[in-house]
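Next come two complexes built around subunit A: one with subunit B, the other with subunit C.
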Partner chain A sequence: MTALTMEPAQSDGFFAALAPQGRRALFALAALAICLLFAFPVLWLILTSLRPGTGVYYVHRGTEFTLDNFQDVLSQEIVLKALLNSFVISTLATVLSLGVTATSGYMLSRFKGPIPNAWFSVIYLFRCVPYVAWVLPLYFVTRELDIFDTYWGLLLPHIAVHICFFSWIMKGFFDGIDPSMEYAAMIDGCSRWGAFWRVAMPAAIPGLTALAILCWLYTWNEFLFALILTAHETPILTVVMAQFVHELGMEWNLMSATAVIALVPALIVTLFGQKYVIRGLRI
Partner chain B sequence: MADVLLSNVHKRYAGVTAVNDLTLDIKDREFVVLVGPSGCGKSTTLRMIAGLEEVSSGTIAIGGRVVNHLQPKDRDIAMVFQNYALYPHMSVRDNLAFGLRNRRVAAAEIAAAVAHAARILSIEPLLDRRPRQLSGGQQQRVALGRCIVRNPKVFLFDEPLSNLDAQLRAQMRLELKQLRQRVPTTSIFVTHDQVEAMTLGDRLVVMKDGLVQQVGTPLELYRHPANRFVAGFIGSPAMNFMNVKVAADGDRLALAGDGLRLQIPARLAPGLGARIGESACLGIRPQHIRLGAPSGDNQVGLQGVLTVTEQLGDEQLIAIRVGASELRIAGVDPDLKLAAGCKIEAAVGTDNLHFFFDS
Partner chain C sequence: MSEKTRFMLALIAPAALVLVLFQIVPILTGGNASFRDWTLYDPKRTWVGLANYAHVLRDREFLAIVLPNTFGFMVASVICSLVLGLIIALMLNRRFAGRWLVQSVVLLPLMVAPVIAAIMIRWMFNDQFGVVNAVLEALGIAPLSWLTQRWTAFLVILLTDVWLWTPWFALILLAGLQSLPPEPFEAAQIDAASAWRTFRHITLPMLRPVIVVCVVIRAIDAFRTFDIVWTISGGGPARATEVFSIYAYVESFQFLNLGRGSAAAVIGAIIIVIFALALYRVLNRFVEVSR
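So, the complex of A and B:
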């Protein structure tokens, strides 16, 4: 008599059971579904921006398309002014923030002592403050300094926030750069500053580029500071967009057209700096 | 070219003394190797000479000029780092020229100096490449070139070979020796590898816990180690050590301990007569033990049991248990068949016995 033992059925799961081609197809399908999920609101936005004012509530059924919305918003002086302001503020905030965050990150990465420790504590403390909690005090400060509703009134708070958030990222980039290179440069005839500027900074260019793109996109998309710290003198695109919601109703078509216009520079920046953005987001 | 003089140099970090009262006179054109285990203070010493670390107390002089308060760039030194430290955004040519450009040397002169260094190091075909396109050995050559091109007073090397694989390391060691014949600049080389230290240095400085243990030529250190640490650090395989007590036995001296008993004529160990009754650490290099019975008065015999054999092709390394101690023997005939557990008789010359006392 032989004893018969039953082996428990082994299963490597559904994916393992599929042929490689099937696995690839399923993966592609899942990726497509996720992409569509993210792309759907954008596609809907573009569709709405191309529909007449009367057609926005049946976007999916209408057949009438027009570019009048774009013509309409681009003929409004406030939109053009906001577009320019947003671009200038984003660019200036990026350049000025990077100037400070690069040196701040380098100091945090390379130096030990009371000054770096104090700076580290300040940054850490401010990072702990919720973003929303900054807005009202900043409103009063900008009023007090008489810079409310000016470039500086928006730039300075942005730069302050960027320094707190991005100094850490910059520190991470410099931590990844071998300090021996700077020592070699100092022996080769550079001062400490020269070693930073001529050796550490060029080596940090990929990190700086990633940070510049993130910084620019962040400022371009920012709404809360722009809403509270600016008024009619310095209109900002994200705020102007929201002003299509008023007591007479919501002009979804104009809002969408403005949003699509706002999308273009951000899209260009993202597409050209994709490699660096991904690197920056992974930190 | 210049001599380097370190006088009573200390380096203290918060509560820790990294370098303790270091005094060292390095002659012009001399190649001195600072050697010791990790954390012994050798790299800190080199960085103080380079000006990358401040000296807590004491003075460092290069070419007769005290450099304590000079910036690294003003000390007229060049340094090769462990990880090469090449500038990744510059070509090899620009890496070599960087130091000269900073000193505003004329372009024609820079080009000539770069070409000369490239020729010496055979890196001419690499001049237009970036460091990331080079192998480890090539990067190391470029790092050496960056030193040569400046023609400084002193070369500093901070474990430059430790990132290379064993084969390349041996090759670079040879190249460094050859380079030294062509460019005989005063050099200070830091390593934890005693083979590198022995093969490269005119003089070795063995360090431990921030203190200099011994300074001497490779042979002096090998033959006459000042203490147990130096004896164990220099030489491969490492020296065998046994704890013994010195006792008088007629006209002989007896060394006993850990199941071991040796007798040597008192006339062959004159220094030991005054140490009767003291405990000592007996050191014997594996290369100085040979298999077989002692053949004369000036040899002592060791009897043990074979525990392990290691076949190296040109020789065998074997380990025998003598009392409570395990002794390694080098240079055993590779064709000799030895089985673990067999009895081994070995002999060592009395002039190859090293004694280390606590005092």
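So, the complex of A and C:
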């Protein structure tokens, strides 16, 4: 280890030379700066959502605040429908993506040979293909299969997006789990499926939880696929939000109000989930 | 077929099926289009061979603006998010009052839809009504029209990307930091090593595998960035901030030449595949050497 061969440090540097109070103040200042940097656009969004339509252009000067924007958007049927659709799609996409990629990642982790190698190459290759190269043809494919503008028409492409990345990450999770338990289970008469399902899967739960949270957030916030693969039948929240400032005029206040509403479930998921994400994401 | 092979195939079958139907088939459709004159004027979609590729590779726009923009954006975005993410991860790895709050705030960008963040940031940098210019004016600095000049527009896009993706780096690096064994750090403490030396000689080498994976994944994604550039500048002013995804999109949907757009997308995909493989190799060797 490097640590053992290292001679004791002569100088402690600027940071350590400060008095403990000074050091603490510097640290607090840095923490504050970082918080401000990351919170500012969101605070601005919240502020805009609380301003009347006429006050939006001078958000920083006005003193008028109102909750009418929220009432307005929540009384629009399309927003409510989009909230429900986005929720259902995100949840189903998470469950199905994880189900499909857990087995694929397990296979990549536990087996060697031409088949796993070929599969890994396919995954690595297709991970690199830019979205623009397949979003438009994807539209034709969903039309052809007659699933355009339905749940399946958005769900299946979303699962396809996650397959490459998640299989790769899942392989990492299973690499970190000692396979000897599975061999022991198989010697005791467990089938290969049984060893996977009863032994490997429970051990991978921290990683799966982390991935589930990230997947849910990603799908909830995804825009490009939703824009191209859905229309009036299946409105999706991100598209509806963006339309407030693109097609229906510049209704910044309504867009912000919807965005704040969309933020609430994501906030709940993240606040409760961050502990599991950090614990589980050890790749 | 042995029982083991059957098991292997069964494990990947669902994933492979979805991948083939919803990624490989569309990509091949696009690939096919790239060899054809797929425009509105040519309903027969004549086979033109490599003509679309030749056109893209000879296009000064593509060579002199789009490629440098794409690579510049990728390098700048990955380096900035990595450094900032690492600083935040190191900070959050210490115990201090209010850590939970700082961590939650840092994760905010993960919760906002990127397209909404981009719309909001475009609004904040608006030359007449934006808050950034209002602040500059209050400070006595002349306001800038951010999105009508190449480099300032580029800066705004970069800032948005860093804002969106730093939390992702911070999260994964923090998970990496927390899984490091404590013994080397204890040894360093006994040897009275400074914080910087501990970081430079222990933390960084042990964290490198995680950093490699992060950088490769993020570099690929940054290379194919589309939505935030499209929302903030639309590739403008006058195509000056166009990255390669925007180029392919504009060729396909605004000039309605799907063949040429697909050829551009394929060229980009080939570049990034080669680049990603090379990056993975180089970074991996770097890791081996450092051990």
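What we mean here is this: the second predicted complex is superposed on the first by the 261 of 283 C-alpha atoms of A that agree within 3 Å, B and C clash if a C-alpha of one lies under 4 Å from a C-alpha of the other, contacts with A are read in each partner's own complex, and residues count from 1 in each chain.
In this section, a residue touches a chain if its C-beta (ideal position, glycine included) is under 8 Å from a C-beta of that chain, and two chains touch if they have at least 3 such contacts.
Quick caveat, the model's predicted, so the values are computed rather than measured.
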Clash or fit: how do subunit B and subunit C relate after the overlay on subunit A? fit
Quick one: classify A:74 as touching subunit B (first), subunit C (second), both or neither. neither
Which superposed partner A:88 touches (first subunit B, second subunit C, both, neither): neither
Would you sort A:231 into first (subunit B), second (subunit C), both or neither based on which partner it touches? neither
Please tell me which partner, subunit B or subunit C, touches more residues of subunit A. C
Does subunit B (first) or subunit C (second) touch A:267, or do both, or does neither? second
Is A:159 touching the first partner subunit B, the second partner subunit C, both, or neither of them? second
Name the contact category of A:104: first (subunit B only), second (subunit C only), both, or neither. second
Quick one: is A:128 in contact with subunit B, with subunit C, with both, or with neither? Answer first, second, both or neither. second
Touching A:29, do we find subunit B (first), subunit C (second), both, or neither? neither
Of all C-alpha distances between subunit B and subunit C after superposition, which is the least, in Å? 11
Counting only contacts in the complex, subunit A reaches subunit C at residues 1-4, 6, 8-9, 11-13, 15-16, 27, 30-31, 34-35, 37-39, 41-42, 44-45, 48, 57-60, 99-101, 103-104, 106-107, 111, 115-116, 119, 122, 124-138, 140-141, 156-157, 159-161, 163-165, 167, 172, 192-193, 196, 210, 214, 217, 220-224, 237-238, 241-242, 245, 252, 255-256, 259, 262-263, 266-267, 269-271, 274, 277-283
In the complex, subunit A residues that touch subunit B: 178, 180-181, 183-191, 194, 199, 202-203, 205
Show which residues of subunit C lie in contact with subunit A when the two form their complex. 3-5, 7-12, 14-16, 18-19, 21-27, 29-30, 33, 88, 91, 96, 98, 101-117, 119-121, 123-124, 129, 131, 134, 163, 166-167, 171-172, 174-176, 178-179, 184-185, 187-188, 191-197, 201-202, 205, 210, 213, 217, 220, 223-224, 226-227, 244-245, 248-249, 252-253, 258, 261-262, 265-266, 268-269, 272-273, 276-277
Within the complex, subunit A is touched by subunit B residues 50-52, 71-73, 75, 77-79, 81-83, 85-89, 98-99, 102-103, 146, 150
